[in-house]
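So, here come the structures, one by one.
In the two complexes that follow, subunit A is the common piece, with subunit B as its partner first and subunit C second.
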Partner chain A sequence: MEELVFYAFAILAVGSALLVVNLKNTARALFLFFVTLFAMAGLFIFALADFVAITQIMVYVGGVLILMLFAFMLSNKELLKALQHIPGRFLTMPNWQSLLLALGFFGVLLWGVVEWQQQTPDWIVQNIKQGNVIQPHDNNIQQLGLKFMTQYILPFEVISVFLLMVLIGAAHLSRKEEQK
Partner chain B sequence: MITLTHFLVVSACIFSIGLYTVLAKRNAIMILVGIELMINAAILNFVAFGRYDKINYSGQVFALFAIVLAAASVAVGLAIILNVYRHYKTINPDQITDLRD
Partner chain C sequence: MVLLLRFAYVCIQLRIILKSFVSQLFIHILVPVAIFGFIALFTLFAVYAERKIAGFVQDRLGPMETGKYGLLQTIADILKLLQKEFITPKAADKILFAAAPVIIFGAVYIGYAVIPWAPDFLPANTHTGLFFIMAVVSIDAIGILMAGWGSNNKYSLLGSIRAIAQMVSYEIPVGLSLIAAVMITQTLNLNEIALQQGVLSPEPVFFLGIWDVSNVGGFLAWNIFQAPHLIIVYIIFFIASLAECNRAPFDIPEAESELIGGFHTEYGGIRFAFIFLAEYAMMFLVAMLGVVLFLGGWNTLLPNIGPLKLADWTTGIGWGIFWTLLKSLTIVGVQIWIRWTLPRFRADQLMSLCWKVMIPLGFVCMAISGLWRILVMV
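Moving on, here comes the complex of A and B:
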């Protein structure tokens, strides 16, 4: 039962991601990207990371996608030029080359996973032996809060300052130039 | 029982799709979507490995940091895209060829 739901989420994530890539209409692709992110959040729950899943939904669906839709609508001329085909010069490659590269990379990753399957890292084996594995009935969110405020306080502060910098930088970049 | 391999294979699929999007699309917003897909695959790996580390919770903590970084990159990236669009009237990276007027 558990595996069936996992496979359903995995197929939903991969299938909607493939559709996102193949759709010509950018607005539809962006709305389908919602589905991919929701399915990824479901997969996070299967790894017993409920707080990360909720954060994913709040940050991505509430923030990032709205921002992307705004940017898409503000640069809407592109909609008319979707059929125009320009041969790529330096950043984008022809479709078949990028497909080849992506498939090759996928092959390398899969090969790594298959090779790795025989030898689990020592720390995982040790933690399984000592029972230091997150269980479904653990109080995840409380533990995470404690860790954030004690062990990971420095990265937490660094990332808050970084977020402030990003906020100021984005506001500065997107302001209107005043006429001299 | 869902093993680590399941998660790794799914995230390999998502990462490759993201890589294809970044390489093949001629639209800056879709390239950002591809980058987000790749970051999401990385977060899935973080979370899947973090399940086996109850003492430090490092996987989930750094997954949250990665989500914050992804959101920050999207905010700055979209601001840059809007500026570029205002200047060049296109968001095709191939047509944006010079740094100044």
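Moving on, here comes the complex of A and C:
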């Protein structure tokens, strides 16, 4: 049952992502992107990372996606037309270059599969033996909070300062020009 | 013989598995259906109440023709909506137009999954309950934008852009007020938050941070009285949640004098019914969320007074549902009352109220919550 749901989410994520890049209608593609993000959030829940799943929906669907839609709707129609009529090319590169890029990426994936030794690494086996695993009913949020405030305090603070900079920058860009 | 026994054993095992599977499936289907039924019933009742209260405020009678005192009016309305044909405008984006009402309603409907109705009586008891609701409700905005864009009508698009601007802005004061409350409760699990505000609380409860009311309960143990600044936080939450549901005085997205009907101008029949259902479900959802976080959730209003154990007597599953409903419906009543009392805000007034008054106030309250937690609750 659980596997069935997992594969349903996986197919949904991959299929909708493929459609997003292939659709000619940009508005529909953006709305379809919502399905991709939603399916990804579902996959995160299977990894018992419910906090990450919910954050994904909150940040990407509630923020980034809406921003993208706004940018799309408020931009010039002629500009979009030029964007929508790219004649059968990938990233506006000649075919042989895009083929090279695709093959290279496929090679990296293939290399990953070959390198992966069909068995769980030692440290995972060890932790399972010691009972050092996350259960579905554990309070992950508390653990996350403790880790953020102790072990990962520096990255956490750096991110918050960075976000503050972005906020100040946004406020500065959008303020009215002074009348001279 | 051994083989036969083993076969019988496997059969029994299979039956047990199948039985638990079926019963689980039954629960997983029955609970959502029950919640949907409740939302539909509530909407019928609330629309009637809304029209009657509007009539009272404006010194007229409201619906009187259908049934005694017009009681059957909303049932007649929904029957009419169900019979109407699907009309899709010729220029509309057919897929987006059809999907939008489903997403708008779905977003609000999923939110009901984590709200407690009574002690340990809730569809899903998760540690991320509150965060989940905040995330799910933000999907609502996508649905509204979808409806506005899919209709291919300038009024719809303008209405939906206004709605998004408003919802995205007001999500910040809502979030700040929730954080201020969560800093006091120290958990995102809505069931535990409700549990901490009454006689069943596992930890000691203090009225205003001084008087131990763990065994007294009643309204004295509610969050807004545990830390007095949470009263202000609740008012922020209430005002911001009005804007989140696009209710008057913040109903700029559907300002009928400027925008015909806002983002749902082109909708009719059952699709319109779903958008309407989502609106009322959202009203009840935010009312219930406010009740759980600030007004004691399913905890009783009555405190224990000496030998008169009013709080102990009025706590339980049945009483819990009763108190949740009573408190939430009262808050919905206040929402309706405000709608017919206050005039609509202008767009710039709305934004300056949000960014210049409520967000700074929210930050101050959050800071007070932190200090309260460190200095008073130790």
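By definition in this document, the second predicted complex is superposed on the first by the 132 of 180 C-alpha atoms of A that agree within 3 Å, B and C clash if a C-alpha of one lies under 4 Å from a C-alpha of the other, contacts with A are read in each partner's own complex, and residues count from 1 in each chain.
In the analysis below, contacts are C-beta pairs under 8 Å (C-beta built on N, C-alpha and C of every residue); 3 or more make two chains touch, one makes a residue touch a chain.
Only a predicted model underlies this, so the values are computations on that prediction, with no experimental measurement involved.
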item	value
Subunit B versus subunit C as contact partner of A:Val20, first or second or both or neither	first
First, second, both or neither for A:Val166, with subunit B first and subunit C second	first
Which of subunit B and subunit C A:Gly62 touches, first, second, both or neither	second
Touched partner set for A:Phe31, first subunit B, second subunit C, both or neither	second
Partner chain in contact with A:Asn139 - subunit B first, subunit C second, else both or neither	second
First, second, both or neither for A:Phe105, with subunit B first and subunit C second	first
Subunit A residues contacted in one complex by subunit B, in the other by subunit C	51, 55, 63, 70, 140
Subunit A - residues contacting subunit B, complex	2-3, 6, 10, 13-14, 17-18, 20-21, 26, 29-30, 33, 36-37, 40, 43-44, 46-49, 51-52, 55-56, 59-60, 63-64, 67-68, 70-72, 74-75, 77-78, 81, 86, 88-93, 95, 97-99, 101-103, 105-106, 109-110, 113, 116-117, 123-124, 127-128, 132-134, 138, 140, 143-144, 147-148, 151-152, 155, 159, 162-163, 166-167, 169-170, 173-174
Parts of subunit A lying in touch with subunit C, wherever the complex brings them together	1, 25, 27-28, 31, 34, 50-51, 54-55, 57-58, 61-63, 65-66, 69-70, 73, 139-142
Contact set on subunit C toward subunit A in their complex	21, 93, 95-96, 99, 126-128, 131-132, 134-136, 138-139, 141-142, 145-146, 149, 157, 161, 164, 168, 171, 188
Contact footprint of subunit A on subunit B as seen in their complex	1-2, 4-10, 12-21, 23-27, 29-30, 32-34, 36-37, 40, 43-44, 47-57, 59-61, 63-65, 67-72, 74-76, 78-83, 85, 89-95, 97
